[in-house]
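Handing you this structure, nothing more for now.
For clarity, chains are labelled A, B, C, D and E in written order, and residue numbers in each chain start from 1.
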Amino acid sequence: MPKMKLKDIISPFYVWQRSFEKPYTNNKPIDERPGAPSYRGFHVNDIEKCVGCGTCETICMNNAIDMVPVENLTAQVGDSGLRPRFDYGRCCWCALCVDICTTSSLRMSNEYAWVTDNPDDFRFTPGVDEKPWDDHPLGYRRDPDYSLLKLERPAMTMLSAEEGLNSFDEVVHGFTPEQAIVEASRCVECNICVATCPAHMNIPGYIKTIREQDFEQGLRLLYETNPFSSTCGRICTHRCEDDCVISHLGKPLAIRWLKRYITDQIPAEKYQQILQHKITENGKKVAIVGAGPGGLSAAYFLRLKGYQVSVYESAEKAGGMLRYGVPTYRLPDDALDKDIDYILSLGVSIHYQTTVGKEIDFQVLYDENDAVFFSTGLNVPSGLRIKGEDHPRVLSGLQVLCDVASQRDPGVGKKVAVIGGGNVAMDAARVCRRIGAEVTILYRRRIEDMPADPEEIEEAQAEKCKFVTQAIPGLIEKAKSLKQVVIQWGEAEMVADDNGGRPRPVLQEDKMHTDSYDCIISAIGQAGNYSFLPEDIKQQLVSQRGKFTVSNHQQTSNTKVFIGGDIANKTADAISAIADGQNAAIGIDEVLSLGMGTK
Amino acid sequence: MEYWITKIAYYLLTVSIVMVYGLLLSAVIAKTMARVQGRVGIPLYQPFIDIMKNFGNRTAISHGIMFYLGPVFRLAGGLGTLAFIPVIYGSEMFSNFHFAGDILLVMYFIFFGQLGMALGAGEGGHPYSAIGIARGLAQMTSYEVPFALAVIAVVVQYDTASISQIVAAQQGGFMNWTVFTNPFAVAAAMLAFLGMTGYAPFDVVMAPNEIPIGPATEFHSSYLSLMQINRAIFAGAKLVLFMNLFFGGAGNLIELVAKTWAIYMIPVIVGVAFPRFRVEQSVRFFLKIPTLIGVLAIFYVQYIVLK
Amino acid sequence: MKSLINRLTEQFKVSLEKQTKSDLCFIRVNKDDAEQLIRHCRDHESYTHLSFLTAIDRIEDNKFTLTYLLHNYQSHQSLGVHVELDRENPVMHSLHRLWGQMATYQRELKEIYGIEFPGSPRLNDEFFLEGWDQIPPMRKEFSTVEFCEERFPIREGRQSTDAKQTMKVEIYPGRGE
Amino acid sequence: MKNEDNTFANNGLLPEEMDLFCNARPVPYEPYSIEVVEKFFNWMRANSLWIMAFGTGCGAIELNPLMTSRFDANRYGIQVRPTPRQSSVFVIGGYSSVKTLKRIIRSYEQMQGPKFVLALGICTINGGMYWDSYNTIKRLDHYIPVDVYITGCMPRPEALLSGFFELKRKIKAGECDGANRYVKNLDWYKDNQKRVIKKWDMPDYNW
Amino acid sequence: MPSISQQPHKFDPPLEPDLTSGKYVKIWHGPQHPGITGNMSLELTICGDEVAHCKTHVGYLHRGFEKLMERRTFIQNFPVVCRIAVPEPAFNEYLYAAAIEEIAEIEVPELAQWLRVLNLELMRLASYLMWLGGSSGSFGMTTVYQWTVTHRDYILDLFEEMTGARIYHMYITPGGVRAKLPEGFKGRVLKVMQGVEKLLYEVEKVVFNNHVFKLRSQGLGIISKDMIDEYGIVGPNQRACGFERDLRKDQPYLVYDQLDFEVVTETESDAYTRAWVRYQEMHQSVSMIRQVLDKMPEGGSFHADLPNVLHWNVPAGETYVKAECTRGEYGYYMVTDGSEYLQRIHIRGPSYTHAVSVMEKLAVGINIADVAGLMVSLHTYPPEIER
């Protein structure tokens, strides 16, 4: 028992001094104290910005988020058309969804009071269902310095520009295992890219196999949709990466190189054992014209379905543009051969140096087979359409590439001008640099307008190709020496298009230049060659702007004829051709198994 | 007969006034305590609403006949206490049923309600009620000692057992109030009053963190409102009694309000400053200093005042 | 810590599992030696403070691992003692006479893992759960999600849409199968 | 569950306990027939909300500020009563484990009508954080009738206060009939309760 | 198998009294009881006013955290852990983060460490304020309870500004913290600290120099020295017994080695000294918060680089991390197996022993009026017992 002290009796009365001070109480408790500026209150979603990737749904540990279709919003490339709906009977306001939001569309307001007697009200789609806090300016946002997503790509090891210039060795080395895992783990598995990929490859699926180091499964996934994985892993135009949701805030995933990484891990001789394709013959025959990516892809898928496939190729080797149009420093032959060899190993019969229309008649193919697929590609270079373009020192880009690929000397000389801004122009320029020429690239518009891959442009710049932009060639003249040629070109000014199209270059007559080169490489586009088609079939095929109109499954109005590749699609790249081949196979299978289109 | 009817009518009027006043006072006190706690506190009408609400509850369950009677006894205790205390000195209207020995009856009635409550709460069957009642009775018996001593001192001092005569004896200036003529008796009585009002440190009966609500744990709805009404009346009666015995009574309503408020503030001032005693500490406290002072008061009266 | 392990190895059949940091290491000991070892650590090595006792369900090895974490207030080092139990018949000697708090931990483990500690006081009293009629909940084979679905109804009206399927249906129907 | 005379069987009780508990069924209570009286009492009820002092989950932590000086709910007639008999509002503070649910039901049934339930936090609405926990119920309205829901985790005291204001509004409008709903659908509620509370060692209705 | 001897032993629980003798009454304190901290209950057997036997019943708040965390990924667990101890979530966040950082060998930037200390010390102060209110409230002094809860609320305001939420901050993430300090925050912290110091001054006068408070709390629930090891008593309960043990000093974590503070000890080890130790520690916390604000680096990174949290495989490992929370040693025992999920996590809350074994032991023989006071003086939080 404590001793009683007078101090202990009197001191507690000090409590009364508080009654002379201002009370602690808030007068208007509900309005007086809004949430702090970064309070994690109710969600706000900018549905214009949101692409419906569903990463918020994935990270939510409370299963509070559903991705739901929204009125007036449809799925399109790069946007699933779904939007997150929150269940406020589940949400715990941890804001992980805000932190991980790939587009930064999701944020939180500082509103926090929501009271109702109907518990089913607590489900809402922010941005769609109007809520009083939609316009609150304050509230939690992800700190810009803090990200749960990995926005940076591991640096790809590449040959330096100097090293590259000395050889035709592959420039890109491919990921190291550590890099591959780091890169693969950046994927959020939203599946948005699948729609973008023309072949609709299971991209998140095979990226996952890299994380799990299960390359065999990866290869199986790749070969479900794309028999040219090794090739596409190198030269694909990777439109999937443009729509990768990570690209909204950072660098998109290097999907292409991850694909390459998988195929690089598996030697060609193990393909058969891993993929274990079992073919049940169905006795039907399909002829394929052109052993490019489109043709071989169709051959692969048709073969898997049990068709007897014969491919007719005019060149010595299969691969088409992949072999003759793409230089080996981008796509080494062995990588291409790896893919082609596997396709051929399935029992596809291929007839080299057999040009349809010369060695064999299209009509024969048409009659002997149950269906015909052709993807002959664009192999006729377009002319410059200026005076003097028939000068012998004016070469076509394709020709140069083809010569180099066939180990012939293209004879370009030491000082070369390349006209054009597409991939062919870049390739031609870089090839010329490698065989020791000085290269100047002339292009009508600006660099950002160039249709070539940005990486290619960058690499061309690094390899010291001289870029002369906004240069419109006017006239090609003979030079003093036979080995030279003179070009007259004028500077152009970019004029904004009134109709909102892209700006158009207008020649400035007073700023003309004249240069002389050893040769001029024209690489401004290609067209197809359909001379092998019999007239009656040609009549049946509809074409628009030089491209054939085909159905969803590459079928033409002649039910037996299927067309794919550059001559049928607008994008004119390898992966589209592969996709066309695949779809044609589906279409042919549908038609034939339904008993349509038989002889 | 007419005399009694008037008397009863006047009494009922007094009861209602004291009840309303008691409720208002409790709200004022609650607000005062809230102020010390740094807040606004309940509105003044809150006690009335609480009572009405409890009356308006749709269900009420009973644990037996004594459970019914508990609050009734309690209220009877309050009403009885008030019945024999003249509220305003000199006013026929507010003099109630005072008679020569009324103080003894009042002392009895102060006990009565508590006992009735004990029966009711016991029937409720809740252990906290039982503990609370045990505590309440223990504490009451202990604070009754100094209080009784103080009353005895006053009775001896004024040589009467009638409250109105005690008040009358204190008229004629504040120096005639018992508080100045016999401070020991008042000290003992006020210490007992601390226990009677049930504020800390003597809130062992209700003791929210020990035996929440105590005896009233099982009471609800109209039972509870009866008890709340009684609390107001009983508090009023006690205040008036103390005012009459020790602070010279009240000649008019204003004086009544001022004095009773001031008396009520004393336990409040102590109450917010101290935690709660344990019950045996409380008993020990009352049986020590206040009792000594009470004894002293009698001696003081006997040997100094009356000399 | 090294010297401690050496001293212990001399007297008991212990094996060092891992030393994660300078003041914490884990050793493994036989079930039957555990009581002696722990008593020794408490009485002679100043490991007087029992931080906790818990179990790990290693369903893939068909084992329960008990972890006794002891702490030495003098050297500020902690020693984790692992004891492996058979998962089919998990029985461990009750150590409730070493520490007053041990019985509580053992009671918890009995309830959430079903590990028996014969002789431990109040072992079979309900601790966290009331009226539990399933296998002990912390065991790995107990699926809490399935149990919830079966027993606790949730609010209807929740449905999520798969982005891949939606995009396939809306953007490229029929292609890329 | 029912005896023939429409009383509870109280199967959960031991035979010697049977006499200690009442087995009558509760009946619904109709409002006062005179509308003005009912309105008057509703106003009183709305302005004298006595909370049951039972912190059933984490929500109790925000009741402290609400009831103390900063927010001072006392001035709105809200006060805490430590006994169910005298309380009229039951604030379910978030998740309730099965063990607590049993106590909630006992306390709720001991409260005297009209009684109101304020469900606080996400866990009462659809399981919240603990949607996959084996020991917490997911939706409170299956077990006791709920009048007002407040979302949040934790709801701020202000949100809580808005919940109380909404409750007041509903009471004044005469829309809070949870107690009657409970009595009218008692069998359904009891079924739900007994489905999760496996150790039912109490009478069927806790008078 | 060595059999357990049948001889009575000092660690055996006390025998339950014979209820049929009529001498005893069994009453329940809680779960619905204002004197019990949180949702738990005591089954008291009383003889007159004296407690003859006490059993603690916990589990009313059992949510199975350890199970839930085994089926959530590492990042998904981080919002979960703070719910384990409701009045004091920050320590859970810190320990969970620290355990992962230790296993995955993540380096936490310096600024983040300072911010963590600031967060933890503010949390400690808030938690102590809550306790201080409860402590005086349990003895019947509601006035102080009102004051302290209000001042705690001012600290919660700071949290709201700093972290975005009042109670469940979810601020300390594995790898660092979630945000920088807002503009002008330091000034507001100092202002609140001033208020707290004034409050502490008042509280000392009103509570600690209060005869009745001393009467109630002195000599109540004395923890003897040999109980410390028997029951694993930690924190202020241990320090009030004369042991100078504080993890912040003994095994400094974060930047506590750069802060200047004292370990407060007392010797009487009753409810009053335990309260006094905590009261002194509040002063230490205020001083530490001031120091942190002084010494904290101005800029820099506040978050380490993590792998993509959606596919985060923390390497296999096993660790036990602990920190000194208001109640003593709070520990996380984490076992990982290299997958995306935890193999096992065990949370050691100091209340586990304080509220169960210690309470059962100390309650015997005290007056029923003191049960609430004893409970508060041990400072227990039920949610961390049952998790």
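As a convention for this text, contacts are C-beta pairs under 8 Å (C-beta built on N, C-alpha and C of every residue); 3 or more make two chains touch, one makes a residue touch a chain.
Computed from a predicted structure; not experimentally measured.
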Legend entry - Other chains in touch with both chain A and chain D: B, C, E
Inset, instruction - Using the touch rule from the top, work out which pair, B-D or A-B, shares more C-beta pairs. - result: B-D
Legend entry - Core chain by centroid distance, with centroids computed from Cα atoms only: E
Inset, instruction - Could you please state the distance in Å, as a whole number, between where the Cα atoms of chain D are centred and where those of chain E are centred? - result: 30
Inset, instruction - Could you give the separation in Å between the centres of chain A and chain C, each centre being the mean of its C-alpha atoms? - result: 49
Legend entry - Distance between the centres, which are taken as Cα means, of chain E and chain B, whole angstrom: 44
Inset, instruction - Return the distance between the CA-based centres of chain C and chain E, expressed in whole Å. - result: 23
Inset, instruction - Find every residue in chain D that makes contact with two or more other chains and list them. - result: 53, 68-70, 72, 75, 82, 99, 125-127, 129, 131-136, 139, 153, 156
Legend entry - Multi-partner residues of chain E (at least 2 other chains): 33-34, 59, 62, 64, 67-68, 71, 79-80, 143, 146-147, 150, 165, 168, 206, 210-212, 215
Inset, instruction - List, in ascending order, every residue of chain C touching at least 2 other chains. - result: 128-130, 137, 142, 144-145, 155
Inset, instruction - For this structure, give each pair of chains that are touching. - result: A-B, A-C, A-D, A-E, B-D, B-E, C-D, C-E, D-E
Inset, instruction - Over in the complex, which chain D residues touch chain E? Could you list them? - result: 52-58, 60-62, 64-65, 68-70, 80, 82, 84, 95, 97, 99-100, 103, 107, 129-130, 132-136, 153-154, 156
Legend entry - Parts of chain E lying in touch with chain B, wherever the complex brings them together: 25, 27, 33-35, 49, 136-143, 146-147, 150, 206, 210-213, 215-216, 367-373
Inset, instruction - Provide the residue numbers of chain C that touch chain D in the complex, in ascending order. - result: 128-134, 137, 142, 144-145, 147-148, 151-155
Legend entry - chain C contact footprint on chain E (complex, rising order): 1-4, 9-13, 58-59, 62, 64, 66-68, 70-71, 102, 227, 229-232, 234, 243, 245, 250-251, 317-320, 322, 329, 331, 333, 335, 343-344, 346, 348, 352-353, 356-357, 361, 386
Legend entry - Parts of chain E lying in touch with chain A, wherever the complex brings them together: 72-73, 75-80, 143-144, 147, 150, 157, 160-161, 164-165, 168, 170, 178-180, 182, 202, 205-207, 209-212, 214-215, 218-219, 301-303, 306-311
